[in-house]
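Read from first to last, the chains carry the letters A, B and C; within each, the first residue is number 1.
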Amino acid sequence: MTALAPPAAARATAQSTRTGGRSGSVAWMALPALLIFFAFAVVPLAGVLFLSFTRWDGIGAIHAAGFQSWRSVLTNPGTLHALWVTFLITALSWAFQTPMSLLLGTFLAGHQRYRGVLAVFFFIPLLLSSAALAITYKALLDPNFGLGTGLGVSFLSQDWLGKGPLAVGVLVFVVSWQYIPFHSLLYQAGVRQIPVSLYEAAQIDGAGRLRQFFSITLPQLKYTFITSSTLMIVGSLTFFDIIFVLTAGGPADATRTLALDMYITGFQGNQMGPASAIAMILVLVGLVVAVLLQRLGGRDRSASQLEGM
Amino acid sequence: MDPTTTSRRTFLKVAVGVPLTGAALAACGSSGPTQAGAGGGGGNAGSAGSGTATYWFLSGPPGEAIRQASVNRFNQANPNTKIKATTFQNDAYKAKIKTAIGAGQAPTIIWGWGGGGLKSYVQANQVEDLTSWFAQNPDVKNRLFPSSFGAATVDGKIYAMPAETVQPIVLYYNKKVFDKVGVEPPKTYADILDLVPKFNAQKIAPFSLGGQSRWTNMMWLEFFLMRLGGNKLFDRVMTEKGAWADPDAQKGLQMTQDLVKANGFVKGFSSITADSNADQALLYTGKAAMMLHGSWSYGIQVANGGSFVPSGGLGWMNFPPIDGGKGDPGDTVGNPGQYLSISAKASDEQKNIAKNFFKTQVLSDAENKQWIDTGQVPIVKGTEAELNASKDKDFLNFVYGIASNAKFFGQSWDQAASPTAAETLLDNISKLFQLSISPQQFADNMNKVIGQ
Amino acid sequence: MTSTLRAETEQANEASPGQRRRHSPRNLLHLNWLGGLAAWLWLGVVIVPIYWIVVTSLKSQEVYFAENPLKPPTDITFDAYRLVLQSNFIQYFVNTVIVVVGAVIPVVFFSFMAAFAIIRGGARWHLRATNTLFLMGLAIPLQATIIPIYLVIIKLGLYDTLVAIVLPSIAFAIPLSVLVLSNFIRDVPNELFESMRVDGASEWATLRHLAFPLTRPALVTVAIYQGLTIWNGFLLPLVLTQDPGRRTLPLALWTFQGQYSVNVPAVLASVVLTTLPILVLYVVGRRQLLSGLTAGFGK
C-alpha cells in the first residue's frame, strides 16, 4: 500500500546531514536573483520608506516631515476602509475562482473530444490586457448600450458600476473571468498527476464517486491548491491596472483598495508622503500574507505526497 | 580557500554594498538635479543646448495633428533650430509629466491645463516667468482673449502661453426629441424642472450624464453655484475655508440632489463614462433630451452622430438663469484655453526656441483655420470672418459670442484647484450625486482640504 | 513505479483509437456532470465578451452606438484594422516580445536557482534573510516605487531603452516565482537528493539533473504567469520609455484614445491583433504545455 512519510527520526537525521557544510556551495545560486531584486526593488523600496517621512508633492523640493505622513494615514478612516476593501476583494476573488477552477480543471482533465476546443476558448481571456477588459466590460455593462439592451434582458441593465456592492461584484467577476482559465490549467495538470492506482484501490474498497473526490482528488491536489491560492491572493493584493481602468476606485470609494488609495493620494492628490506610507502598509500586509501562506505550505515537513510509492 | 567562507563573505560584501550605493543614488536623485538631461537621461529633454527643444503634448484627435503641424511649420521656417515633439495619451501624459518634472527631466515646452496644476509647478520653481516677455511682446498678448490669461497667472505673474481653443460648457438639446414631445427649450431653470416629468413620461431621459467620469457631475454644481451666487461665490468655494457653508452654496448642493431624486438624469448614470462617448450617444440617438457638456462634444457628435447634426437636430444654449439668483446669466465655466509653459530647467537656447515658437507659430492663421475646421474656436480675437466661412458657423459663432461676451469665464474647479483639493472635490461630488452624503457633510469634507 | 493518469492515457493513446475508450480512466474522474455543466456555462460567459470584441472591431464608429451591441455588423468594415496596422503596430509587437522573452527567461532561471539555494541550503542565516527579503517583496506596489526606479534607471543611463523595462520587471517577478518554486522543490523527496549526493554529484549537478526536470511544472507555471503579467504591464513602459519606437503593446492601445473620446472599434481591433498570435501559439503548443505541466513524479 501507500507508505506514509518516513518516520520523524529519519527526517531529523536527513535534515542535519543536509545542512552540514553544504550551504556554502549553494548560497551563491541565490545571488543573481538577490542582486537584481536589490537594485530594482529593495533600493526603490528604501526610497519609498524614506519618502514616507517627508512631505513632497512630486514636483518640487522634498521636505522632511517626521511622522506627519504616517499619522495622517493611520488616523484617516479612508485607510482602514481601503484595507477592508482590499481584504474583501481578495477574499471574494479567491472564493469565486477556486471552486470554479477546481471544477473546470477536473472536467478538462477528462477525455471528452471537444475538451481541446473548450480549452482554447477558455484561454483567451488570459491574453487580454486590463485596458482591453475595461473597455469591453464598461461597454457591455452600460445601462443603455450594453448587454441588457443587446439581449433584451433588463436585469442586465443595472447601475453596475454605479452602486458600491455591484461594482465590487463586477470587479471580482472580471478578474475571475480573466484568471480562471489559468488556475483551471493548474488544477487540470494537478488532477492528471494523481496516480490511477489510488482510484482503483478506492473503488475496490467500495468508495463511491463523491467519496473518491473528497478523499483522494482533493487531498492530492493540496500542493496545486497552495500554489494556485498563493498566486491568487498575492496577485489580488497588488491589483491595480484593472481596478484603475474599470472603476478608478469608485463609485465613491467602494473599490478603492490600498494600491489604488496609494496611487490616487500620491499621483492625483500630489501627496507623496502619505502615499508612501500607504505603500509601506501594503508591503507589510503582503509580508504577513506570505508568511501565512508559507506556513500553510510547509507545515508538515513530510513534504512529498508521493514518497514511498 | 574554504568555499563556505568565500561565498559567505562575498555574499555579505555585496549585500551591504548595494544598499549603500542605492541609498546614495536615491539621495542624489530626489534632490532635483539641475542639468536638464545632460547627465544620465539618454535621449531626454534636450541634450546640452544644441538647438533642440522638446515639446510634449496630448495625442489623439482632434488636437494632435494640429499641434504637430504647427511644430512642423516652425521647424521648416527655422532650419537652424528644431523642436522635437513627443505625444502621450491623456491619462498617461498626466502621470508622465509629473514624474518627468519631479525628476528634473521635463521637456522644454510643457503642455498643460493651467490653474492649480500650473500653480504647483510655479511653487516648485519649475516653470519660467513669462510676464516680462509678454510685456516686451504686446502684440502676442493683445491678440488673445483676455479671459484666457486668468488660468495662466499665478500671484500676478504670467507663467504660461495661452493656446488652442476656448471650451465653455454648453447645454445641448435634441431638437427632434423636443418636437416629438411638443415642448419648447427651457429659458430658466424652472422651465427645466417642468420639463423633467414630461420627458420621463415619454421614457426619454431628461438629461444624459456620464457620471462615472466625475467631472461631468461637477459641471452641474459649477453652474448652480455660478447662477445662484455669482462669480464671487464660484471662486470663493475653492479658495476660502467655510465657503461651502454659504447659504447659496448649500442651496446649490441641495438643488443637485433634488434633480437626482426627481429622475432628472438618465437611469444608471453613475455607470456611464464620458470618454467612451456613451453619454453623448444618448443625446444623438434620441434616448436623452438634453445634455450639459463641453464645447468639444460638438465635433464628436458631428463625427459619430451620422446625419444628426447636419440635419439640424442639435440645439445649444448657455445654461439658463435661476430665478432669484445673483449670478450674471452670461457667465460661463469651462476651459478658457490650454497652456504652454517653459521649463525653468531648460537651457537658455532652448527657452529662446520655445519663445520663438510661441511668437510665430502658436495660434498662427494656419493653425486657427485647422481648429475652426474641427468645430472649435481658437482663443484669438477677430476671427469672425473665418468662423462665418465654416460649415459649423452657427455653433462656432455661439461659442465665440459666449467667450468674448462673458464678463466672467471661470476655470473648471478640478483644473483651477490644487490637485489635492481637486481630488477631494471630485470624490465628494460623486458621493453627492449618489445621495450618500448631505450638503452639510460635503461642506465639512471640503473644509478640510481648502487651502492645501 | 507509479503510473499516473497521464502515463496511462499516453499508453492508451498509443494503442488504437478504438481501444482508447476502454482504457480511458474517464470513469475515475469525479463530478463529471457538474464539471461539464460548469464548463459549458463558463463557455457562454467567456464567449459573449469575446464575440462582442470581434464584432465591434468590424463596425465603424458611427454605427457602434446606433445598433444593438450584439448584432453582427451589416457592413463589415476593416477600417479599424487598417488604422491599427498603419500605426506602427508591428514594431510595438516586436518590442513587447523582446521585453517578455528578455524578462521571463532570467526570472525563471534566477528564481529557480534562488529557490534551490533557499530550500537546499539549510538554515543558514543569510539564506533565511534572503528568503524573508523576497517574502517582503511580494506586495511591493509598483506604483509606489516607480519614481525611485525611474531615478535609478536614469542614473544607469538606461532611460528610453527596452532594458529599462526588463530589469525592474525581473525584480518584481522574483518574489512570487521564488515562493512558488520553493514550494515545489520542497516537494521533491529527500531520498532522491540523498542518492545524488551519495553518488558524489555537486549541488549544481543536482540542480540540473534532478531538481530541474522534477520542478518543470512549476517552472512552466511561473513562466506563463509572469510572461502574461509582463506582456500586459503598462506602468513600466509608460514611465521608462518615451520614443514611439520603443513602445510596447499596452501603450499602443492608447494610440486610439483621443483627447476627449476613444475610438472603440480601433482599440478592439488592436486587441484582436494582439491576441491572435499568442492564441495561435497556444493552439499549436498546447500539448507541450500540458505535458510540461504534468511532468511529475510519474517515473
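By our rule, a contact is a pair of C-beta atoms (placed from the backbone, for glycine too) under 8 Å apart; a residue touches a chain by one contact, two chains touch by 3 or more.
What you see is a predicted model, and the numbers here were worked out from it, not measured in a lab.
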Overall pattern in which the protein chains touch one another (line/ring/star/complete/other): complete
Contact pairs, highest-scoring chain pair: A-C
Centre-of-Cα separation between chain B and chain A, whole angstrom: 37
Between chain A and chain C, centroid-to-centroid distance (C-alpha), Å: 14
Computed distance of Cα centres, chain C from chain B, in Å: 38
Contacts with 2+ other chains: residues of chain A: 23, 25, 27-28, 34, 39, 42-44, 46-47, 58, 135, 139, 145, 267
Where chain B touches two or more other chains, by residue: 8, 11, 15, 22, 25-26, 30, 95, 99, 102, 276, 278, 281
Contacts with two or more other chains, residues of chain C listed in rising order: 65, 124, 126, 146-148, 151-152, 254, 262, 264
Partner chain B, residues of chain A touching it in the complex: 21, 23-25, 27-28, 31, 34-35, 38-39, 42-44, 46-47, 50-51, 57-62, 135, 138-139, 141-145, 157-163, 247, 250-253, 264, 267-271
Interfacial residue positions of chain A with respect to chain C in the complex: 14-15, 18-19, 22-23, 25-30, 32-34, 36-37, 39-48, 58, 100, 103-104, 106-112, 116, 118-132, 135-137, 139-140, 145-147, 149-151, 177, 180-182, 185-186, 188-189, 191-197, 199-200, 203, 209-210, 212-213, 217, 223, 226-227, 230-231, 234, 237-238, 240-241, 258-259, 262-263, 266-267, 272, 275-276, 278-279, 282-283, 285-287, 289-291, 293-294, 297-298, 303-307, 309
Footprint of chain C on chain B - complex, ascending: 8, 11-12, 15, 22, 25-26, 28-30, 40-44, 58-64, 86-90, 92, 95-96, 99, 102-103, 105, 275-278, 281, 285, 294, 296-297, 300, 303-306
Of all residues in chain B, those that touch chain A in their complex: 2-8, 10-11, 14-15, 18-19, 22-23, 25-26, 30-32, 94-95, 98-99, 101-102, 120-121, 123-126, 211-212, 214, 266-273, 276, 278, 281-282, 287, 418-420, 422-424, 427, 430-431, 434, 436
Touching residues (chain side chain C, partner chain B) in the complex: 61-62, 64-66, 124, 126, 146-148, 150-152, 154-161, 238-239, 242-244, 251, 254-262, 264
